[in-house]
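Chains: A, B, C and D, in written order; residue numbering restarts at 1 for each.
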Amino acid sequence: MYPGQFEYHRAASIKDALDLLKRYGDDAKLLSGGHSLIPMMKLRLAQPAHLIDVTKIAELRALSESGGKIVIGAAAPHDAVATSSLVRDKLGLLAEAAAAIGDVQVRNRGTIGGSLTHADPAADYPAAVLALEGEIKLERDGGSRTVKAADFFLDLMTTAVQPGELLSQIAFAPIPAGAGYSYQKYPHPASGFAMVGVAALVSLDRSGKIASARVGVTGLGAKAFRAGAVEAALAGKAADAATITAAAAKTADGIDALGDIHASSEYRAELARVYARRAIQAAVARAKA
Amino acid sequence: MKITGEQIMPAPRQRVWDLFNDPDRLARLIPGCEKLDKLAPDEFAGTINVGIAAVKGSYAGKLKLDEIRPPEHYKMLVDGKGKQGFMRGTGVLDLTPRDGDPNQTVVKYSGDVQLGGPLMQVGQRVIDSAAKMLMGQFFAAAEAELKAEAAGAVARQGFFINFWRYLLNVIRSFFRRSS
Amino acid sequence: MAVVPKFVGERIKRREDPRLISGTATYVDDVRLPGTLAAVVLRSPYPHARINSIDVAAARSAPGVAAVLTGADLKDKVGGIPCVAPAEHIPFHPLLAQGKVRFVGESVAVVVASDAYKAQDAANLIEVDYDPLDAVSDPEKALADGAPILHEEFGNNLVTRALVPNPAVDEAIAKADKVIKFRIVNQRLAPVPMEPRGVLADWHQASGHLTVWTSTQIPHLLRSALAAVLGLPENRVRVIAPEVGGGFGAKLNFYREEALVGYLSRMLGKPVKWIERRRENLATTTHGRDQITYLEVPVKNDGTVLGIKAKFICDMGAYLQLLTPAIPGFSGLMMTGCYKIPATSFEQVMVFTNKMATDAYRGAGRPEAAYIAERTMDMVALELGLDPVEVRRRNFIPKDAFPYATCAGLVYDSGDYNTALNKALEIVDYPKIRAEQAEALKHGRYVGIGVASYVEICGIGPSVMLPPKVPGWESATVRMEPDSRVTVLTGISPHGQGQETTFAQMAADAFGIDIDDVAVVHGDTAIVQYGVGTFGSRGLSVGGAALMMSVSKVQDKLKKIASTMMEAPPDQLTFANRTVALKSDATKSIPLQAVVDAAYGWKMPIPGMEPGLDATSVFEPTGCTFPFGTHISVVEVDPDTGVVKFLRYVAVDDCGNIISPLLVAGQVHGGIAQGIAQALYEEVVYDENGQLVTATLMDYAAPRAQMLPRYELAHTVTPSPLNPMGVKGVGEAGTIGSTPCVVNAVMDALKPLGVRHIDMPLRPEKLWRAIRDAKKA
Amino acid sequence: MRVNLTVNGQARSDEVEPRLLLVHYLRDVAGLTGTHVGCESTLCGACTVLLDGKAVKSCTVLAAQADGASVTTVEGLAKDGKFHPIQDGFWEEHGLQCGYCTPGMMMAAVDLLSRTTNPSEDEIRHALEGNLCRCTGYQHIIKAVQYAAEKMRAAAGR
C-alpha cells in the first residue's frame, strides 16, 4: 500500500521523455495512467528509481484522423477512446474493447499506450488492436519506427518496445463500411480482467460470404494473438452458424492456455472457442445489418 | 505444485549431459546469475536477478544434487528466496536417447515446488506463463548451443556458474503449476 | 403542538446516515492524535517454518523508526491471544511468532515509525532466516500418521473431538427403506468487511491509562481480554469502537495486533496506529465455514426423514481465536432444520492445519447446518423421485408443535414453516415456473428452481449456551435528560445494522417523543455500562429487550411522579405526544417536561424517591429465537460455459415483529448477497502446501453489483414469545437461506443430466465439466 | 516536491514525497478522511474521488500526477449546506449500512449521472462494477442512484 521511494520527472515533450529515459536507463519507468505500474509499486514488487510521467505531453493524448488513418495517442485514457465519436464511428471495435476494460475508474485513468506496453496477457485492448491491424509507433532518440500489431506482442508482458523507446501512438485504418465487428469478453469474476476476450472483424462479399475475417484473442495464452486458423477457416465461406462454429473451434489450437483457480487451461480454451463463436456471430450479424 | 515436461535436444545423450553439467556454457544460455559459490562438490549457493515487466527481483538460493547417475539422471533440492518470494522443492532430470535416433536426446524433467510470498500471491494468474517463457527461452538457447557445438564452437565460461544458471531455469520451469 | 407520530414499524430513514454520507464519520483510521506513530507488521511468507534468526539491525536504524520488535522481545512480557471456547488442545497464541510460524501471514516482527511509508521501508530491511517445514492444508490429511505437526506439544493435530451419539439413529438406519449417503463441503470463506481491521492505542503515562480505538463488534469483551493480556487493570483500559465498517463476525474477536499496538503505545509512550491492508485481511483476519460433512440419512419411501447421522471434519487453522472451536457446534445442533427428525447423532473432529484460524462468519455454524438440512431435503427428493416441496412439507415441524424441542435438545420458540413456504411458492407461481422449466428444457435450456426452507438460531442467548467469557445477556441504560430528551446507552456495538435508528424508534414511541429527541450511544467502554456486543443477530432481540427493560423502569418512575401530579393511578397513565396522559382520556394530560422537571427538581413529589430519571438493565434471555423462512431462486445455466444466470430470487422471511421494515430489507439483501457469494463465487484457497492463493481481491471473488440478482422480499410474522418486542433477529437470515437455495436451483437445472451434487462454490468451470461429462456419458 | 491542487473548490499547495498516493494526500495532508482505503489492488473503489470531474481510484494515482488538477471528494458533494441528490438518494433508499464503501460508491454514481440522466438498472449495476459493497447486496444502492437521477432530472427540467 506504500510505494518505495523514487524520483518523479514530468516530461514536457516526447524529446524530453526520451532524454530522461536515456539518462536513467534501466532505473526508469515511463508513467502514463499508472494502472499497471502503481499497483505493483504499492506492493513493492516494482521499485523503479525514476518515474517519467508522460501524461502531460499533449500530443500523446490526442485522438485524430489524418492521412486516412485514425491516430490514437498513447496517453489517451480508455474512457476517452470508448466515448470518442471519432473512434466509435470509425473504429467501433476499438471503442468496444476500451469500454470493456476494468471499470469506469480504471477507464478514466488507464491509457492505451500503458496497456499495450505492459502487455498483460489478460488485457482487453490487444485483441482489438490485433484485429484492427494497428500500427504502433515507437519513438527513440533520433527517430522513430512503426511496428505492426502482429509483431508487437512477443511473449508474456514482453513487447517489441526496446529500452529507450517510447510508444507514442497507434494508427489504424478505419473499419470499412459494411464490415461487422464485435468484442466479446468473459470477465474474471474477481479481477475483471479478460478470462478470455475475442475481437472479431468480418467483411462480407456481395453474395453474403465472408470476404475476410480478423480475429484477435486475449486472456487465453501468455500473449494476445491473431487466430490465423480461425480466420482461414472463415475466409470465402458462407457466413452461417456451421461455418462459424467450425472455425471458432480452432481458436485455441496450438495455444498453451493459462490457468488459475477460476478457470483451468482446459476450460479457458473452451471459453475461447465459445467466445470466438459469439464474437464472430455478432460481427457477422452486424455486417448483415 | 508439480511440473513435468520433456524436450528433445539435437545431440547424443553424453553431449547433452556434458552441456547440462558445464556451467561455463550454461551461463550463456541463462541470464540473471550474479554470483555463485560452491559450498561442497554437490552443493551450491548463488544469487540471480529475474525481471518480467516492471517486476524485478533478486533471489538467493541453495542447491543440492543427489542421485547423480551420469549421463542419465540426477535429482536436485532447491531452496531459494528473495524479498518478493521463495521457492522450495525437488526436481528430477532424466536423459534418454531418442528412439531410433541416438543423435537426439529426450530430456524429461519433473518437479514438485512450493512457491510463496508477495509475487506468487499477486501473480498467480501469470506465473505459469512466466515459467513457460523462461523455460522456452532456456531450451531454445540450449538447442542453439548444441548445434553450435556440433559446428565446432568452443565454450568459454565457468562451469559452476553455468550449471547453476541452468538449474535455476529448470527451477523456474517449476513455476508452471499443475492445477 | 404538532402530533408526535409513532415510529415502530414505519419506514424510517437512518439516524446514522448523515455523518456517513457526508464523509464526516470517524472510522479508526480517521482518528487523529498528534504524534501518532504507524506500525507495520512483517509476516511470514511460509505456511510452516522454523525461525532460525531475525536480523532487525538495519530496520532499527532506518529513518523515522521508533521501534522494531520480534517474538523474542515479547517473550514472557505479554500474554497470548485467548480462546474462550473449550477444546482438548489450546495452544499458546503469541502476538509475534515464537521460534516458529504456522500459517502464511503469521506476524513475525513489527516496525513502528513516524509514518506507514517509512515503517514499510524499514520492514523491508528485516532479514528473517527461515527453515521451511512441511505443511498440511487438508484437514482430512492433518490427522493422518506422518502429517506435519503444528504444535509439537500435542503430538498430533487434533484440536478436539465432540461426539453426540444417539443409538436411535443407527436403529433408524437399520429399519429405513433407504439410506442416502453423501459428503458435502462448506468451503472456507473470507468475511471481507469493506473496512479492514485497524487499531489505535494511546497510553497515558501519568494516569497509567490506555485508550484503544479498534474496529470491533465487542468493545467490552475486548477490553477484558486486552487488560488481561497486557496485565493492566480493567478500569484503566478504555476501548472505543468508533465507526466500524462492517464485521460479519470477523470483528467478533480479539487479535494479535490489538494487543501488540497497545503494548507498543505503552512501551513508546506515544499513540501507535496499525491499519490492516487487504492482503493482511485476507490472510490474517478470521475465516469462516471450512467444514466437511459426511451424511447418512435414513428415509422412508414417502420421503419421511427418520434421522441424520453426520461426521464433521472442521478446519480450525493454525491457532484458535476467541471462539474458533465453538462454531461447529451450531452446525451439529441445527442440522435438522425445520424438520421433525426423530433422531440425530454427530461427531465433530476439529483439526489444526497450516492456515488462518476460522471463527464466526455471518451465520457462524448455522449456514452450514441449513446447507446440510436443505441439501438433504433435495437429495431425498432426487433419490425418491419426489418434488422437493413435498418432501419439505412432509417433514416440517407442524405449526401447532411450538415450542418444539428438537432431538438435539434445542427448543424452537415459535414457527409456521408451511405458511412461509406457501407464500414463496405463491409469489413465484410454482406450477407455472415448473411448466416453464420443462418447456425451456425442450429447447436445450437448463433452468433450475431451488427451494430452501431454513430455520436458524438467533438472539443468543441464554448465557449457558456460550463460553463463560462471552455471555449471552445484554445491557442498556435509558436516561431521560432534564430537557425530556432521551439518551440510550446500549451494550451492543452496531457496525452498520442501524440500531441508532431502531432503538430510537422504540424509545421514542415508549415515551411519546420524537425520534429526533433520542440519542443512542454505543461502543465506548468509558461511557457505556459493560455489555456484550453485536453478533448472532442479537442486537434487537437481546439488546433491544434490555433497552425495553430500562425504558419501562423509567416509564414507571415517570408514571409514579405523574400520578401524584395528576391524581390518577400510575397504571392508568400512558405517554403520547410529549405528554403523560390518561389512557382513558388523552385530553387529560400534563406535559412530559413538567414530570421531568419534577424528577430532576430540588423537591421530589414522592418523599424518599431518588431524583433523576435513569435506569440500567441487563436482559438475560431464557431461550433463543428461531427465525425462519423460505427462499426460492430460479436460475439458468449456460451449457456452453457453465455460467449461472438468475431469473428470479424470492425471499420470504419471518423474523417476528418488524421494528423497521427498511432496515430489515437491507439486512436480508446483504445476507442473501453473501449467501449467494458462498454458493457461486467465493472460496479461500490454500494450495496443498499451505500457500494462500486467494491473497488479494484479484483472486478472491467478492461479488459486484452485476453478479447478484434483484431480490423480491416478503414476510410472514410469527412473533417470538421470548422478548417483549416479539422479534427474532434478521442479521444472518439471508445468508442462511440463500446458499442452499441457489445450490439447489443449480442442481435442479442440471438434474436432467443426472448431476447429483457439486461442491461450492459452483464456479462455471465445475458446472461446465459436469455438463460435458454428462453429455459424454 | 510541490503539488498544487484544487480540492473541493479550494486551492492548495503542499510539499509531498513523490511516492505519496493521492488518497493519502487527501486523508493525511488535506485532512479529508471521508475517502477510504479498502483494498490494495485497485478493485474495491472505496477510495473513488473525482479528478477533473471523472471518477478515479485515488489509491492508484500519485499526488504528483494530480498536480494542477481539481479533486472532488465526498466532503465536496454537498453545496450550500444541502446534500447532493446522490447523498439524498443513499439516505432515502437505505443505500448504506456500515458506510465504508459509500463515499466511493457515491462518487462513481456521480460520474455515471454526469454521463446519463436516466440510467437503467443494468447500466447502474455496470457503472458500479468498480465498487464493492459488502453490506447491502447492492439493491438499495441501485435504488439510491435511481432516486438521485430522478431528482436531478426534475431539477434540470425546472
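For this structure, a couple of remarks:
Here, a residue touches a chain if its C-beta (ideal position, glycine included) is under 8 Å from a C-beta of that chain, and two chains touch if they have at least 3 such contacts.
Since the model is a prediction, treat every value here as computed from it, not as a measurement.
Ranked by separation of Cα centres from chain D, the top chain is B.
Interface comparison, A-C against B-C: more C-beta pairs in contact at A-C. Among the chains in view, C has its Cα centre nearest the centre of the complete protein Cα set.
Separating the centre of chain A from that of chain C, both taken as means of CA atoms, is a distance of 44 Å. Chain B and chain C have Cα centroids separated by 49 Å. Rounded to a whole number, the gap between the C-alpha centres of chain A and chain D is 28 angstrom.
Each of residues 17, 19, 37, 40-41, 43, 129, 131 in chain D touches at least two other chains. Across the assembly, chain B contributes residues 83, 118, 122, 124-125 that each touch 2 or more other chains. Counting only residues that touch two or more partner chains, chain C has 117, 124, 277, 279, 693, 696-699, 702. Shown are all chain pairs that touch, namely A-B, A-C, A-D, B-C, C-D. Every residue of chain C that touches chain B in the complex is listed here, in rising order: 45-47, 104, 124, 130, 132, 279, 687, 689, 691-693, 695-696, 698-699. If you check the complex, the residues on chain B that touch chain A are 52-57, 83-84, 118-119, 122-126, 128-130, 132-133, 177, 179. Of all the residues in chain D, the ones that touch chain A in their complex are 1, 17-19, 21, 37, 40-43, 45, 48, 51, 54-57, 59-62, 64-65, 67, 108, 111-112, 127, 129-131. Touching chain A in their complex are the following residues of chain C: 116-117, 120-121, 124, 277, 279, 640-641, 681, 683, 685, 693-694, 697-703, 707, 763-765, 768-769. For chain D in complex with chain C, the residues that touch the partner chain are 17, 19-20, 27-28, 31-41, 43-44, 46, 73-75, 77-78, 83, 87, 90-92, 94, 96-103, 106, 121, 124-126, 128-129, 131-142.
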